[in-house]
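Quick one: the structure is below, questions incoming.
Chain nomenclature is as follows: A, B, C and D, assigned in order of appearance, with residue numbering initiated at 1 for each chain independently.
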């Protein structure tokens, strides 16, 4: 699914990869692929992650990982970093999710009573990136669907998600709700429907696999 | 991964500007004014433009060529005192001029670049500049709503650029350039020097590449860039 | 003319902070956190502080020392997920925590530094973060009023400083530091290197000296500044 | 009067000198005097003005004069430059005037029908510098007082002026109106009163001269 998500990145894009699964997408990009990775703590042009032995104490990404630069990287302050996001210069962000609703609402920052560390930069990424896609397991650890008719958790932003990459499927958020685009190899449409908490439109013909 | 290359030709870069476009133009006096991009816009002849620029340069220089060619309907600016021709056109009703306090023009442009809707300030509240602007009360004090400015195109003059559009500026040629470089749908840069990728130290970049759409390298500089002998 | 000298001692610089002060603290994680100024504030023991900081560092590091010493009443921040101790204090009601979207915290601080009253934005409008905030309508659209933040004191970590307080930052240690350095009545800088006047190129200064009140040169860096081994 | 105005600058101040007479104040500051001169087009630490032969085409002040730097100068953009002004980091500005009212209102940017080039940065300097002093001739070319009960021209900012340096006198703006502080050598109090368009309080004893 991570490899499949990586194919979502078009040449020339400015992309922010959220903490967790999305961060791994970088491993599927060719050395020659023209893209600019952004991190909200103030860097455009993220290079490979470094082990602590080779880390620069002043060079991290927003998740705290030690990263590096590439030829043409630039550092800037937190106001400029989010100016870039809010003014429409971020072509794509890939985020994790607790829940996604069939109208594209995203909940990924708070579980009342359990998890409330603050939203960080997640709200602006979700609300203002030109395209927001989600990378997530299809269900939570208890097996409950993460794709739902409505979010039950506090939302990060409404109507922001365009596409969802899970371990089972690629699903688009359309004006009519969730629509199946691709199945993971070996997973049936019935299994995907079973694991999804809202109606799922199927393609007219065969569903491609990834 | 490598960073994208945005270098292009002068003609190609400016041809993306449509009639009726809102165009931000960097510079404060001569320093930082993108004279070459302006000359190409004069040559291509797009009309009905709204210009946003700190000043109107001087008669016979810079944006005055656009005024003289009748390409400008409207100018949003802070001070045009060095251009008697622009003042005459304003007084004759040939261009519409909106004046703004200088730092507020800077902040309105920056707000546009930062994706904000507006800023609230007490600047110029007692003057005719803010007479017709919306006011709102916060904690019992009234402030002027200064709405964000965005443009279709920004014309930027940089000292150097790399192919991705990372920029630096020199001395007081910085002025409005970094603000306008954030605040337009299409941002076109003329750079005195094109550096290779990595030619600008990442800590010394004044405008990060993600804001930029087109990079044009300048050849020999025209006389307009030179010291003005008064 | 020569520029004024603002260098002083660590003790002297921090002694200007009063009980009950609102204190901005630079840094995003370890990079840019002024650990030495924080340690001196712990040593001097001022209480009843309101802190404004992107995060709460990690348990046993940075501002967590202030939390542990009971010096902090209130924290305005964006994300404290890496500090379980801070979350526990928040849940126990030992500190009051106000969360803000990260870029909006940055803009509120910048607005304070720019002498603005507030900014208007649609960010977080659908979330509980903005639920109780004033809204106003511009051209038929409703926006959240995010008021400017200013502090009594800002604690800044710089890579190098000259005696006037011109600063530069390195890599992602820049983050909130340049914004906070504009937004407090008294701005105290710890610098890894003190440069002579003219040691920073005028084009490469990240924070201009007029914003700064006190410059403290750091000696050997404590372990808190080092790479974190998890 | 320019020399007298220069004495208004205290060590350590950040000062903006407006176009015209105020610019000349710089010639009366010692080489060793600790002060930071600011110009709103983006420079702190202005050095001496340069003749065109030695000018840098990219280095001007807000009036268009070719200036230089000093060790410790810094360049910044126009937003930062006025952030400095509006947030209270400008200790003093010296401005020219068309009119000053007895309540400290300043008019110096527009003469309807005659002179309307725009306000530039003057409004923010007048409104936000911690202290605003005016340098001006006491009367206009026609001999009319520039110090008046009320401004008749469009104001730049209200109640902003603390002190006025003219060719005839040093006059403070007090809660009770204009108050004479010093006379120019050889100018009588009566002459100053005559040239002033509003009541002028005289000092109890002798008026010092400059």
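Basically, a contact is a pair of C-beta atoms (placed from the backbone, for glycine too) under 8 Å apart; a residue touches a chain by one contact, two chains touch by 3 or more.
Protein identities per chain, from UniProt: A, D = 3-oxoacid CoA-transferase subunit B; B, C = Acetate CoA/acetoacetate CoA-transferase alpha subunit.
Keep in mind the model is a prediction, meaning the values are calculated, not measured.
With contact taken as defined at the outset, chain A and chain B are each touched by C.
Between C-D and B-D, more C-beta contact pairs join the chains of B-D.
Chain centres here are Cα means. That of chain C falls 35 Å from that of chain D. Centre-to-centre spacing of chain B and chain C amounts to 32 Å, using the average Cα coordinate of each chain. Inter-chain spacing, taken between the CA centroids of chain A and chain D, is 56 Å. Averaged C-alpha coordinates put the centre of chain B at 29 Å from the centre of chain D. Annotation for chain A: residues touching 2 or more other chains are 43, 75-76, 79, 82-83, 85-86, 128. Annotation for chain C: residues touching 2 or more other chains are 107, 114-116, 121-122, 169-171, 202-203. You'll find the chains touch as A-B, A-C, B-C, B-D, C-D. Per the touch definition, chain A reaches chain B in the complex via residues 11-12, 14, 26, 29-38, 43-45, 47, 69-76, 79-80, 82-90, 128.
Contact residues of chain A toward chain C in the complex are 39-43, 52, 55-62, 64, 66, 75-79, 81-83, 85-86, 116-121, 123-124, 127-128, 154-158. Partner chain D is touched in their complex by these residues of chain B: 28-32, 54, 77-82, 87, 97, 99, 101-104, 106-107, 109-110, 121-124, 126-129, 169-179, 225-229.
Partner chain A is touched in their complex by these residues of chain B: 1-5, 112-116, 162-164, 166, 182-183, 196-198, 200, 202-203, 205, 208-211.
Those residues of chain B that touch chain C in the complex are listed here as 107, 111, 114-122, 134, 136, 138, 141, 143, 145, 147, 168-171, 202-204.
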